[in-house]
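The structure that follows is given in the form of structure tokens.
As written, the chain order gives the labels A, B and C, with residue 1 at the start of each chain.
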Amino acid sequence: MQQVINVFLIGISIGSIYALMSLALVLVWRSTRVVNFAQAGQAIVTTYIAWEVVNRSGSFLMAFILAVAIGGLIGGLVESGMMRTLFKHASDGPVAAVAPVIATLGLLGVIRALVGLIWTNEGKRFESPVSTAGFVIGDTTLPFSRLNLLIIFTAAFVMIVFSIVFQRTNLGLALRAAAYNPEIARLSGVKVSMTRTIGWVFAGAAGAVAGILLSPNDSLTPYSLDVLFVFGFVAAVIGGLESLVGAVVGGLVLGVGLSFITFYLGTSLVFPTAFIVLVVVLLVRPSGLFGVKGARSA
Amino acid sequence: MTLKVERLVVEHGAIRAIDGISFEVAEGSLAAVIGSNGAGKTTLLRTLSGLKDAKLGKVSWMGRDITGMKPEDLVRRGLSHVSEGKSVIPELTVKENLALGGLWRNNKSELAQSIEEVVELFPRLGERMSQRADTLSGGERQMLAIGRAHVSKPSLLLLDEPSLGLAPLVVEQIFQTISMLCRDRGITVLLVEQNALGALAIADTGIIVNLGTVVAQGDAKELIDDPALRSAYLGY
Amino acid sequence: MLKQKRDKSSKREHNPYRRRLLFFILLGWGLLLLGDRVSELRVYQGALIAIYALAIGSLILLTGYSGQLSLGQGAFMAIGAYAAALTQIYLQPPLIVTFIAAVVVAALFGAIIGGGAARLSGPYLAGTTLALALGLPTLANLFSFLGGETGLYFDVGIAPERFGAEFTLYKWFFWIAALATLIMLFFIQNILKSRYGRAWKAGRSNPAAAQLVGLQVGRRKVLAFTISAGVAGLAGALLGMVSLVAPSTFTLSLSFAIITGAVLAGLTSLTGSILGGLVLVVIPEIAEMVSGNFGESEAVTANFPGLITSLLLILTVLFTPNGPAEQWHHHKEKKKQKALEKAH
């Protein structure tokens, strides 16, 4: 029983990171109907910057704040610089339908290459700000550590901030209205081109948090967040891709599920399981657990 | 001080949806645009409110050229458009839908006051403030859509078929409210309708469009009584 | 009278078919002659170009003609490669059979996944196939007969003696790859020009209208996915032949490279696929030259090609939203129209 609780808590910890990536993908999807394949790439940049700051100043908090700010900035720049040009030229040609996917993939490639050029492809060790040794109760050492606790609290904090912004502020109302129906939002005076950029800014910030939470106590390379993107995507699809709450729940469910698989069946089954979950959700309940029906064909 | 449309041409790809329409609406009056399906009525409104670009021609409001301006900027100049088919956002609550119309003013007390005015206009919305808009009936949604536009404090209100798909009793109530908004609050109204008789009954002037052109315009009462127009365009 | 007319029109339909065949035969012959006159490295690169061209062709078949974008071509290539290697190891059949096995097994997987994919569109399909490309190679560690990280060795043997002693292993690789690619591209081209191909195109540009005139868009999408996977499987087997059948060969980067090649080739014209393959081989070459100027830094060699191709990818979709080929076509037609207007 104690072990089950342990595995569950580890799952919540990793799941809250997936949830943040999933949140980032959903924010972008809601604002511009694009799945940003470069989301993890943007997070790689901010994570490397955080690594650099931690190495030079030793302050994890400063690294965190800087990473989030730069993450938001990159998101905004990508939307206003690249995506806007893309939509301006968009037509209904064969490539136009897949152009956003290709453009964000291209961006991912550029980011990785630049990161590799600056920091090389060799793995960097990202020291954890807190102890990664498990808590000790009596004479048993749990796998659950201070780092896991920090991850859960940080992710929860970010999610609470998001939910306050979205549910309680004018900006949040404008963002939601623009996501559900851009035309009515514009007719009500909402500057939708601005809410789009803000959606990307928020997504960039959320992705930056995910990257910085995943990397401590692990090796950081230009490719080390690829898996985070895929799990974030699976979580977003479980949640329906439209719903912020769904994104978070999807991430937690996936994290806990995969944690049990890792512990009882082995690491090598994690990826196949995630893929099967993705395909099953898409085939059986394409609108996700929280999605609106008929929203999938965009 | 009028809404003035001059030789407006709008195209959907290769199709000319509006082919040189000109008319004027005097400030504080209620004008009805009548026509059958595909006559170009909706395209006309979407062009006036900036959702669609005009190919040629000019639109001016209060003596100012507003051709090609964006909808979000036009709202700030007092132009509100209630688009076709109960334009509310079903995922938001009634209150949020209303608040949306006043976001750009960024003034809490003014917003609260505007929402109160809407509740006075449509008491039924007051009881449903915290419900999601998708729980409302068709008539209530239309009221909410008009209410949202009202919160934007328009001086020119564009309405696209508010009677569509509603029960006769509700239609009458909606038309009365529209008429009241014009007479008592001094809002200039451009009402697009297929329900010719109902719309012309509350309107000052009528504009009859067919296949993207104006076939007749003038005093609403005279248009109702014109037997030639009746059989050809008004359908009764 | 009437009969004569029909004869004429059917002849006209057959002509381009023969011309295409002739074109492909001449192209292959030219390439083989060229193979005798260049160094071993160039011959090896020639084989790579052929393999990439085939993989790009499989993606163009899917995207350009049925509107689906798969990020998982690398996964189907891996399936084909493992199928070929396993067939060779356990059955040791004639060489051609191993390649047929690659096509059939990959196509089978394509049909299964395509069944689901037909119901997905745009980013969903892209995301799902991305997960496939990233996840499938990890399966190699799960089953010991797949050889884990070290992978399998797909041994096609050496060239038959009648080709002479001069005929090196790389030439043999090139010979197989170029021949397989030419035959396959010819085959794809003919599918695309057939009724099926036109129906796919209709389904791509306007699914609703295609449905109305009785084309079963869903089934055709699955078929396109299946054929595309089969072709990718062959490309994978060929790639396994010249390198190694291992997870490290079929990475996500491979899938991305294929997409890059396909986008640069124009996504709608199959003839561009050879050009796309050429680009994928030439750019790393250029990058190596450039990195030589920077003192052979490893970071530059490893990342410069990615930077160039990714930048090209972005610029291509930003400024030629319909693919460079179609854009060029459009441009030419506009010019023609202008000239006509002037003449009037």
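The rule is short, and it goes like this: a contact is a pair of C-beta atoms (placed from the backbone, for glycine too) under 8 Å apart; a residue touches a chain by one contact, two chains touch by 3 or more.
Quick caveat, the model's predicted, so the values are computed rather than measured.
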Arrangement of touching chains [line / ring / star / complete / other]: line
Central chain (by mean CA position): A
Euclidean distance of C-alpha centroids - chain A vs chain C, Å: 32
Distance from the mean Cα position of chain C to that of chain B, given in whole angstrom: 54
Cα-centroid distance, chain A relative to chain B, in whole angstrom: 42
Where chain C touches two or more other chains, by residue: none
Contacts with two or more other chains, residues of chain A listed in rising order: none
Interface residues, chain C side, partner chain A - complex: 63-64, 67, 69, 71, 113, 116, 119-124, 126-128, 130-132, 134-135, 138-139, 141-142, 204-205, 252, 256, 259-260, 263, 267-268, 298-300, 302-304, 306-307, 309-311, 313-314, 316-319, 321-323, 326
Chain A to chain C touching residues, read off their complex: 29, 34-35, 37, 82, 85-86, 89-103, 105-110, 112-114, 116-117, 120-121, 222, 226-227, 230, 233-234, 237, 268-269, 271-272, 274-275, 278-279, 282-283, 286, 296-298
Parts of chain B lying in touch with chain A, wherever the complex brings them together: 49, 51, 70-72, 75-76, 80-83, 87-92, 96, 99-101, 103-104, 106, 148, 152
Chain A residues within the chain B interface of the complex: 170, 173-174, 176-177, 180-181, 183-192, 292
